[in-house]
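Next up: some structures, all given as structure tokens.
You will see two complexes here that share chain A, one where it goes with chain B and one where it goes with chain C.
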Partner chain A sequence: MGSNDLQKQAPNIVVWVLLLALPLWLPYVGGYMELGSRVVVLALAAMALNFLLGYTGVLSFGHAAYFGLGAYGAGMTIRYLVPSTGVGLLVGTLVGAVAGAIIGPMIIRLRGVYFAMVTIAFAQVFYFIAFRWNSVTGGDDGLTGWTRLPIHLGFTTIDILHNPVAFYFLVLAVFAVAVGVMAWLLRSPFGRTLIAIRENERRARFLGIPVDQHIWISWTISCAVVSVAGALYALLNNFVDPRALYWTQSGDFVIMAVLGGMRSFWGPLIGAAIFVVLQDYLSSQTENWMSFVGLFFVLVVMFFPRGILGIIRRKVAS
Partner chain B sequence: MTQVVLFNVFNGLIVGAFYALMALGLSLIMNLSGVINFAHGGFLAIGGYLAFTLMPYVGFWGGLVLAPILTAVLGLIVERVLVRRLYGRDPLYSLLLTFGLAFMFEDGTRFIWGAQSLPYQVPGWLLSPLSSDYFFLTGYRLFMVVIVALAVAGLFYILNRTRLGMRIRAGTLDLETVSVLGVNVRVLRNMNFGLGIYLAGLAGVLAVGQLGLQPTIGSSLIMPSFVAIIVGGLGSLPGTLLGGLLIGVASGVTTVFFPSATEAVMYVMMAAVLLVRPRGLLGEEGRF
Partner chain C sequence: MTLLRVENLSKHFGNLIAVDGVSMTVEPGELRAVIGPNGAGKTTFFNMISGFLTQTSGKIVFDNKDISNLLPARRVWRGIARTFQITEVFPELSVRENLRVAVEVAAGLRLSPWLSAARDRGIRARIDELLGMGGLAAKADRLVGEMSHGDQRACEIMMALALKPRLLLLDEPTAGMGDQETYDITQLIRRLHRDEKLTIVLIEHDMRVVFHLADRILVLAEGKMLAEGTPKEIAANEAVQAAYLGKVAA
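Moving on, here comes the complex of A and B:
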């Protein structure tokens, strides 16, 4: 490995060391394990969104729908069908991915603000279904009466229910797989094609690239990964409610991606960490935390449009 | 049965009129400046609350006139200070900005006026039913329809007959050329934003008389407005009007037969429109 390679790999190494060692250092900075899991879960959602937003150049403002579908998919599977954490995760992911794949063809021809608006509007359908279908989803009160379950591996049992550190590592393992797949895809010819579409769609089209088809695949992958995050989110809380599907949740994902830096792979992780910690702090300090979160949106847009990693990269370059 | 259906159709028409009024403002802003104004619902709520606060001093009629104007002034300021800086950038940023503003407005109204629903008195003579057979035809409801119709007529008059309106329409098609021809585009966009927010404020004053006054009124009305724009066709104001009324009536009728799908039906309509005619009912080919 040359020094150039090392330089390229440095951010990855730093991120993974910090994440793997999180249970060791988090208590010293005043955090608690659930908060760590929350950051990783929401970071996965924001990174999934960024696969579409930052690398394909398509603005989705409705990702909460697939996040919520993953959450309800996991929760309802465990509650009604199979009492197994693994099956719940799998079903949750499938539900979100399939919904994304079906809705995709209706929206992929749209661009820019129009795409954003249609994705927001579509997300509301699932919100109303979760909200209205009381008997199955628990309506406004949310889906209760279930918990995540210990994982039996045959030779040993991992008690992810009572041991928050064990659950954190489950989350991290799933995160690693999902993020690994996205990173691999982005490095493949397919991923390079997505970036080409982002940079100049018309040229990509003239080169004979089936642009709509690529956007559809990218959209579906993004939805699938965000529903993985949603399923993990349900397991984390042992609870799902319609707010996981509400349009404000979609906005949270977008601001995480923008705050961290849309043009960098790890940006949304940093954005998610800052956002989650800030929200956690604000909601414990003031009843009007919504105003502060709103103000935070405004400040980020006005002063940090490139995101934190974008700024750092600029500084390094100059 | 006929009565129940008629009642719900009429109800849907009124709700649809709110959607349309709000969606028209959203469309105006989006067409000229490419900004999806998420804070539109927040402006609507502020319009309603201002009318409530002003009522003891200026009465119902004074509030109806003043509150939308004050809301529009707030809109002019927001455009001048914040939104303007984001023109020409990725639409993502103005989306996020107005999204944050929507949070601030909703929480701000809750902070100032409280989370509880407030009573909003409309004049008594407007509330009495006009006909004993059609009990739902109260004066206030007819009054709302008339005001919305007047507002829409006024808007189309401005757009088609005044210099400002012509410039807005021209700017929607080609802002650069309009600028080169000597029109101050900054002022134009500012005025246009104010006009859109005025409609939101007006919808707010009318809506609180019908739906009650609570901080979440804005966020509950904004999504249907998006759907109205998509169904009607992006870029077409008559389409937006049609879309708003259509989804209002559709929800009203659905309430009769399948109440739990009241909200979902408009999204089904949207999906159908996107499948069959992606540009919307009256949208122009190839604009988006």
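Moving on, here comes the complex of A and C:
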């Protein structure tokens, strides 16, 4: 490995070391394990959104739909069908991914604001279904009466319910797989066609790339990963409610991605960490915590349009 | 055997008739120029051939197959590549990365989630070959968006060439360029035509370029075909002088 490769790998190494060692250092900065899990779960959602936004150039304002479907899919599977954390995760992911794949062809021909508006509309449909269908989803009160369950591996049992560190590492393992798949794809010929579409759709089209088809695939991958995050979110809270599907949740993902820097792979992770920590701290101080997050967001966008990671990169480069 | 046959092609935008029943045939190996005063419908004509616009009526036959209703990407697959009047490249990628996308798509890898080391070597070699041909080797790692207009255009042409097209459409390849850049691009096009035996159709305003390069010229005026012939015939054509060259002189 040359020094150049090492320089390229440095951010990855730093991120993974910090994440793997989180249980060791988090208590010293006043954090607690559930907060760490929450950051990683929401970071996965924001990174999934950014696969589409930052690397394909398509803004979805309705990713909460697939996040929520993943969450309800996992929760309802464990509550009604199979009392197994693994099966819940799998079903949640599949439900969100399939919904995305089916809705995709109806919307991928739209661009810009029109695309964003229609994604919101679809998300609101799912929100109202979850809100109204009391008997199955628990309606406004949310889906209760279930918890994540210990994972039996044959030779041993991991108690992810009572051991927050064990649960954190489950979340981190799933995160690693999902993020690894996205990173792999972005470095492949297929991933390069997505970046090409982001850079110049017309040129991509006249290189012989069927742009709509590639956007559909990117969209479906993004929906699948955000539903993984949704399923983990349900397990984290042992609870799902319709707010996971609400349009403000979609907005939170966009804020995280833009805050951290949507042109960098790890940007949304930074954004999610800042968002979650600010939310945790400020909401204990004031009811109007969102106005402070909003103010912070506006300042970052105005002065550092490439996000927090954009600033750090520029500092390193100079 | 004719490579491209355009029959009675028309395009209406509401009441405006941009192109009115234009026909043209292009033989393999030919370099055809399409000229005409501003608003003659040249770019609209081009856009219909490449599938960027759909014709109101008429037919486009490429390699004996009717392609009139194919999507742009499918026309590219058949072998029609194009550049645009305003250069269309991937500005935040390097020249090498721009070409890589084109080379990988041409190799049928657009949906591929991975690339074997052997294939990657082949792709790199092809990129280097294109860089050399386009005179871009020394600038390979620069961001295209930060290069001169002429270099951006050369990059765009090489991307089109990466697709191994059977027909290359160039929409005003020297538009907005200085003398040196115009000369360089003209030489590049000449090499592609002469050495690579590429069939090329180009729209051009610069008459020096047109008369230097073209085998045959099609003249459009107000959407209609005004004349067609060799550069000599066109230069001597009175109708053309009146409608087009006359205007330039005046």
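As a working rule, the second predicted complex is superposed on the first by the 313 of 318 C-alpha atoms of A that agree within 3 Å, B and C clash if a C-alpha of one lies under 4 Å from a C-alpha of the other, contacts with A are read in each partner's own complex, and residues count from 1 in each chain.
Operating definition for what follows: contacts are C-beta pairs under 8 Å (C-beta built on N, C-alpha and C of every residue); 3 or more make two chains touch, one makes a residue touch a chain.
Keep in mind that this is a model prediction, so the values were computed, not measured.
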{"item": "When chain B and chain C are modelled together on chain A, clash or fit", "value": "fit"}
{"item": "Touched partner set for A:R203, first chain B, second chain C, both or neither", "value": "second"}
{"item": "Contacts of A:G30 with chain B and chain C, given as first, second, both or neither", "value": "neither"}
{"item": "First, second, both or neither for A:F190, with chain B first and chain C second", "value": "second"}
{"item": "Touching partner for A:F128 - first (chain B), second (chain C), both, neither", "value": "first"}
{"item": "Chain A residues touched - chain C or chain B, whichever exceeds", "value": "B"}
{"item": "Following superposition on chain A: angle at chain A, chain B versus chain C, Cα, nearest 10°", "value": "80"}
{"item": "Touching partner for A:G154 - first (chain B), second (chain C), both, neither", "value": "neither"}
{"item": "Gap in Å between nearest CA atoms once chain C and chain B share a frame through chain A", "value": "11"}
{"item": "Chain B/chain C common contact set on chain A", "value": "none"}
{"item": "Chain C contact footprint on chain A (complex, rising order)", "value": "184-185, 188-190, 192-193, 195-196, 199-200, 202-211, 214, 217"}
{"item": "Chain B residues within the chain A interface of the complex", "value": "30, 34, 36, 38, 82, 85-86, 89-93, 95-97, 99-108, 110-111, 223, 226-227, 229-230, 234, 260-261, 263-264, 267-268, 270-271, 274-275, 278, 288"}
{"item": "Contact set on chain C toward chain A in their complex", "value": "50, 52, 71-73, 76-77, 81-82, 84, 88-93, 97, 100-102, 104-106, 109-115, 156, 159-160, 163"}
{"item": "Contact set on chain A toward chain B in their complex", "value": "53, 59, 61, 106-107, 109-114, 116-118, 120-122, 124-125, 128-129, 132-133, 247-248, 251, 254-255, 258, 288, 290-291, 293-298, 300-302, 305"}
